[in-house]
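Working notes, beginning with the structure itself.
Note that the chains are named A, B, C, D and E in the order they appear, and that numbering of residues resets to 1 at the start of each chain.
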Amino acid sequence: MTLSFTATVTDRDVEVSFDVADGETVALLGPNGAGKSTVLSVVAGLLRPDAGRVELAGRTLLSTGGYADQARVDVAPHRRRVALLAQEPLLFPHLTVLDNVAFGPRSAGVARAEARSRAQEWLDEVGIGELADRRPGQLSGGQAQRAAVARALAAEPDLLLLDEPMAALDVAVTPALRQTLRRVLAERTCVVVTHDVLDALLLADRVLVLEGGRVVEAGPTREVLTRPRSAFAARLAGLNLVVGAWHDGALVLDDGTTLAGLVAGESPVDGEPVVAVFRPTAVAVYRSAPHGSPRNVVPATVTQVEPLGDLVRVRAGDLNADVTAPAAAELELVPGVEVFFSVKATEVDVYPA
Amino acid sequence: MTLSFTATVTDRDVEVSFDVADGETVALLGPNGAGKSTVLSVVAGLLRPDAGRVELAGRTLLSTGGYADQARVDVAPHRRRVALLAQEPLLFPHLTVLDNVAFGPRSAGVARAEARSRAQEWLDEVGIGELADRRPGQLSGGQAQRAAVARALAAEPDLLLLDEPMAALDVAVTPALRQTLRRVLAERTCVVVTHDVLDALLLADRVLVLEGGRVVEAGPTREVLTRPRSAFAARLAGLNLVVGAWHDGALVLDDGTTLAGLVAGESPVDGEPVVAVFRPTAVAVYRSAPHGSPRNVVPATVTQVEPLGDLVRVRAGDLNADVTAPAAAELELVPGVEVFFSVKATEVDVYPA
Amino acid sequence: MGQTRAVGLPRWVVVPAALGALFVLLPLVAIVAQVDWSNFWGLITSESSRTALWLSLRTSTASTVVCVLIGVPMALVLARTSFPGQGVVRSVVLLPLVLPPVVGGLALLYTFGKRGLIGQSIEVVGTTVAFSTIAVVMAQVFVALPFLVVSLEGALRTGGERYEVVAASLGAGPTTVFLRVTLPLAMPGLVSGAVLAFARSLGEFGATVTFAGSKEGVTRTLPLEIYLQRETDPDAAIALALVLVVVAVLVIGLARQGRSAL
Amino acid sequence: MGQTRAVGLPRWVVVPAALGALFVLLPLVAIVAQVDWSNFWGLITSESSRTALWLSLRTSTASTVVCVLIGVPMALVLARTSFPGQGVVRSVVLLPLVLPPVVGGLALLYTFGKRGLIGQSIEVVGTTVAFSTIAVVMAQVFVALPFLVVSLEGALRTGGERYEVVAASLGAGPTTVFLRVTLPLAMPGLVSGAVLAFARSLGEFGATVTFAGSKEGVTRTLPLEIYLQRETDPDAAIALALVLVVVAVLVIGLARQGRSAL
Amino acid sequence: GGDDDDTTVTVYAAASLKKTFEQLASDFEADHDGVTVELVFGGSSDLVSQIQNGAEADVFASADTANMDKLTADDLQGQDPQDFATNTLQIAVPPDNPADVSSLQDLADPALDLVLCAPDVPCGAAAQGVAEAAGLTLDPDSEEQSVTDVLGKITSGQGDAGLVYVTDVLAAGDDVMGVEFPESADVVNTYPITTVEDSDESDLAQEFVELVLSDSGQKVLTDAGFGAP
């Protein structure tokens, strides 16, 4: 289910090219109007680019030709085995919520009863199982969004395209749905558009940052989010990521350092690989080891000090700490200095790797 | 422009009553399907409740009667002087973006040229001034949302109703638009629905938490967000808020303690009242004063220690610190203990009060 | 129950609307006033009237079905595809509207008649449509088809396309999209188009008399009977016209019950 | 330029659609084949033909304007309000569709004629409308009005209401909403309704001949001229019918140019 | 009616009189300076009902006595109607006469596609009359509303034979062929004419009626196939 994508849409000033490996989830990030939805429309076959080529699992879905060896191809949307969750929910107004979700399975030839029971499962999964018999017109904004997510997931396509799946959701349901998506997307090939760095981090293997219709940055999620190069990614990210194994309620690094944190979802079992994430702004820097509530104190050597807006980013190997300029001056932070990075366990999120 | 609202919508199981004072902004929080949009629809006159009474600035906008002294009243939406930004942008498809925004002023009788120039100003304000001549069909999701915000603001009504004004916006534009709204809403009477605690904090004077169609919590924003009682509000909030005056680049409390932080927007002038906000999870607790990058170290006496899920919330007067249970045990935190609360300046947001 | 409320109408529209309604209503009242009620029952239950009414109902129903069967695909092709000459095709489909029905009948005669364009080929198959009930249905389809196509094409254009796209991206093939999304969403347009087609078929006179002739029980529908009665017994003609009106009101009313949106 | 693509049509719809198009097209071809081309020019440019064509164009235009002026408010009231008896009103408005035009003409005569329901009151004002050009326009309005109302009501129902609500909440009064939101959004429906009304007016025969008579230059429109010619000179009738067809195609084509969405 | 500087005589005449009355009208205008003859043609019953409903007619020429009787029943005639022409039936067949029709008896052949006027309209009544006189029962495939409809079926070849008036066969020219039959004399249709009461131009109307009845008028009519009254 590898996706290979190249397209130019002249009147929207979009010129993008990227690949998605089999089973991989790629997050599309970027400011409003960057071209994220445009890319998804081209993949889904709803927008025909001026030039381009889209291949999925070896099948050519689109080719505007132009090269001697390429025929013009434009596979109809329903034959692409690509499901799109668009930015608007667009639930079919004449069908119940259940039938909306069952629409994909039904179209794939699944029997009515079976399709409905699958649909009900998906609805339960997104937390609106009890609204199955309503019409879309009787849902609140967030409920409609969840039904649309369930509908896209139920279609079980080769490639899943999600345009802001978490939009309009309340804070109480977001973490749960994120976990659901994380689980579902693990084995799927997927492109997800999001404005939330946590979505990118948890769902995506790789990140693509679009700006002004061009890819300005691409790479494995952790790399991009920890060492963003584009202006937009820097605004979102710069997160610290630490990989280790879970032992006795904490992450243990190879060198034996432990890192306590809050576990999202179920607690990992001992020995399971986990990843800890925390923001550089949450990291305090000390010249001598402090003693207090912060569980995590890591000795480190400053490798780089760089201004980041009105802050100073202090790098020590893979870890970043953002401190104010007066603090950096007072602690005389320059490369080579030995320091202690301290971060409260409450600021550290731990996820199964 | 006081709003007084009571309404029951039986089939949506909504039964809500509240007041908004002149010039006040009230945030409506609550899970999906709680009835937030329903309340706004009733105020705007788009939904007629089964029973209820809506008064704005002394005018009765709606009364379903029922009491001997009350006549049935139902003022038409366009006469209510209430503008609604709905959850969907719903820009008029046949008008340009500029004419969409100019629609409100034009309807109020403003001359064409004047209305357009005002519309252009609002578009510039929300950052899409260069898209004025486009049709709504040629905008991206976030651009359309911004145009809809501009259109609602341009209408200059007595009462402004905003349903998730920040939905679909990218991270780069959110802070700027939040500042714009903050400025605009300062003198306006407004009800804003949001899922983001920062919106509530910055925009609203008071907060109303809805759950299952009922008001489960209401009060001044700071109070609700710092000491939430409802389950939903607790999930969102529990923030620390400190009020003081701005001196030499830091907030100075009455007792002389200073608090450094990051200023959102323009820097306050010396002597200006400001408020600092930071999350309890960002607060580290020490038994002896630490020396390190954290600018802010405040001596405090623990007044209360209470479990909060898998954390422990340590209260010292108005300030909260959330620490893990092992940390609380190790530091022997019980009421009466003298401690130091430390929070990095990078974790503190400072706003003009 | 909470009620979504519509935006108020400008008050002034009521005046021209009422004038228009009056303009249509008054002539109907005048017809009712003309009816000779003492003989009314006898007139409308006469053998020939009943035969004509029954024929009219049968042929109109048949022609409505035919209109739906060929009109829905036509509307779909016009609304959802573009091909060179589409404008011309659309104009041609609308032409029976503008053609005086008698000319339409002549055109049918020149086409499907004994010596018509393809009449000979039909005759080879062993049947003539001439002077048969089939000819009546053909004449009715010819004049009623544009109504269905125009109504439905309008409905297809205003609604639906966004949902069709969603359906396709969920893996639904064109036929599934058509049956489960396009058609249900365009149903109000289809129903009103079918009602229009039925009504037009029911009232059809000129094309029928020219193409199918007028024989009791075979081709003499109610409008033909009315026209004929008018020569000798104007009272009977008025009475029958009233029957036609009542039938039409019933049909339109029933169609509205089935679907609220005509 | 990027192109949004439509969902494909089910292939099979092309077959019935083509059959339907053929069914309409063949008779038109047959008519063209019947035309006596050697005399064609002379026939259609004769004094009486030109007079009739000119009268037809004038009256059809006038009746289309009247239909728009009273039909738009009627459609609006039907689509956007609900009142007791609305179903009956809607049925009544549709009745001229089902009434054989001759009966419609009779009804008009019984209403506005000298001895009609309100004919006397009109006469007091000093004019008789029957048998004048005004009568032609009235007959055309009577038969064409339902087309406009039905098309427009459909368009008003499918689109728009959500946007009207938004407009009202931005402070726009009903008239502003109507002029700046409702009408522009329903424009495709209005245009197709107006084209239908014009076409129906252009082809109107039965009601006109009954209510307005057939006086050259005053009430004898092209369909009446065709009818009359047919009595004596069928070739001329066919030639004139072709003129009518050409005029209709031109009008429909022009309307489509103005608005892509008929 | 009429304009200030122009006098108009309005003549309501049966549609079958179109050619002849157009000729007569131009003759009349030639003799009367500044006078215009307005001709209104239609089915006789339509014309009567229009006059009854206030149409401003000065002269009415009917294709049968029945419709003229409706006018006189309402006392709308300006004078007693006078017969000015007669018409008899003829068999109309397509030019190649595919069914080889040569007599009235041939019409009784059930294999023949026969088209008649309905008994309710004058030409149908006449057809029934000749059939009865000849002792025949005719079983038509269609009973048309008017002569024109019968002719339409014959010219298009749809019908093999029909019964229409002599004048109609003549007017149709080469498109149909007429077959005379002796029994036609048994039923003669009469055309009456009269001035209309309350006519603004009763003198001119009277003069027009006189022109129709005059020798020159009668010549125009007989040229078109009408019989003398």
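Just so we're on the same page, a residue touches a chain if its C-beta (ideal position, glycine included) is under 8 Å from a C-beta of that chain, and two chains touch if they have at least 3 such contacts.
On a predicted model such as this, the values are computed, not experimentally measured, just so you know.
Taken over every residue number at the interface, the positions common to subunit A and subunit B amount to over half, indicating a same-residue contact. Counting C-beta pairs in contact, the chain pair with the largest number is C-D. If you average the Cα atoms of subunit C and of subunit D, the two centres end up 15 Å apart. In this assembly, the C-alpha centroid of subunit B lies 58 Å from the C-alpha centroid of subunit C. Centre to centre, using the average C-alpha position, subunit B and subunit E are separated by 89 Å. We define each chain's centre as the mean of its Cα atoms; on that basis subunit A and subunit B are separated by 27 Å.
The residues of subunit E that reach two or more other chains are 49, 152, listed in rising order. The residues of subunit C that reach two or more other chains are 7-8, 106, 110, 116, 165, 167-168, 173-174, 177, 227, 230, listed in rising order.
Shown for subunit B are the residues that touch two or more other chains, namely 38, 45-46, 76-78. Across the complex, subunit C meets subunit E through its residues 106, 109-110, 113-116, 130-131, 209-210, 212-216, 219-220, 224, 227-232, 234.
Per the touch definition, subunit D reaches subunit C in the complex via residues 6-17, 19-21, 23-31, 33-34, 69-74, 76-77, 80-81, 87-104, 106-108, 110-111, 116-118, 141-142, 145, 150-151, 153-155, 157-159, 161, 164-165, 167-168, 173-175, 177-178, 188-189, 192, 195-196, 199-200, 202-206, 223, 226-227, 230, 237-238, 241, 244-245, 247-249, 252-253, 256, 261-262. Subunit E makes touch with subunit C in their complex at residues 45, 49, 113, 115, 118, 120-121, 140-145, 149, 152-153, 156-158. Note for the complex: subunit D touches subunit B at residues 162-163, 165-174, 176-177, 180-181, 184-185.
Residues of subunit B that touch subunit D in their complex: 44-46, 76-84, 86, 90, 92-94, 103-104, 106-108, 151-152, 155, 157.
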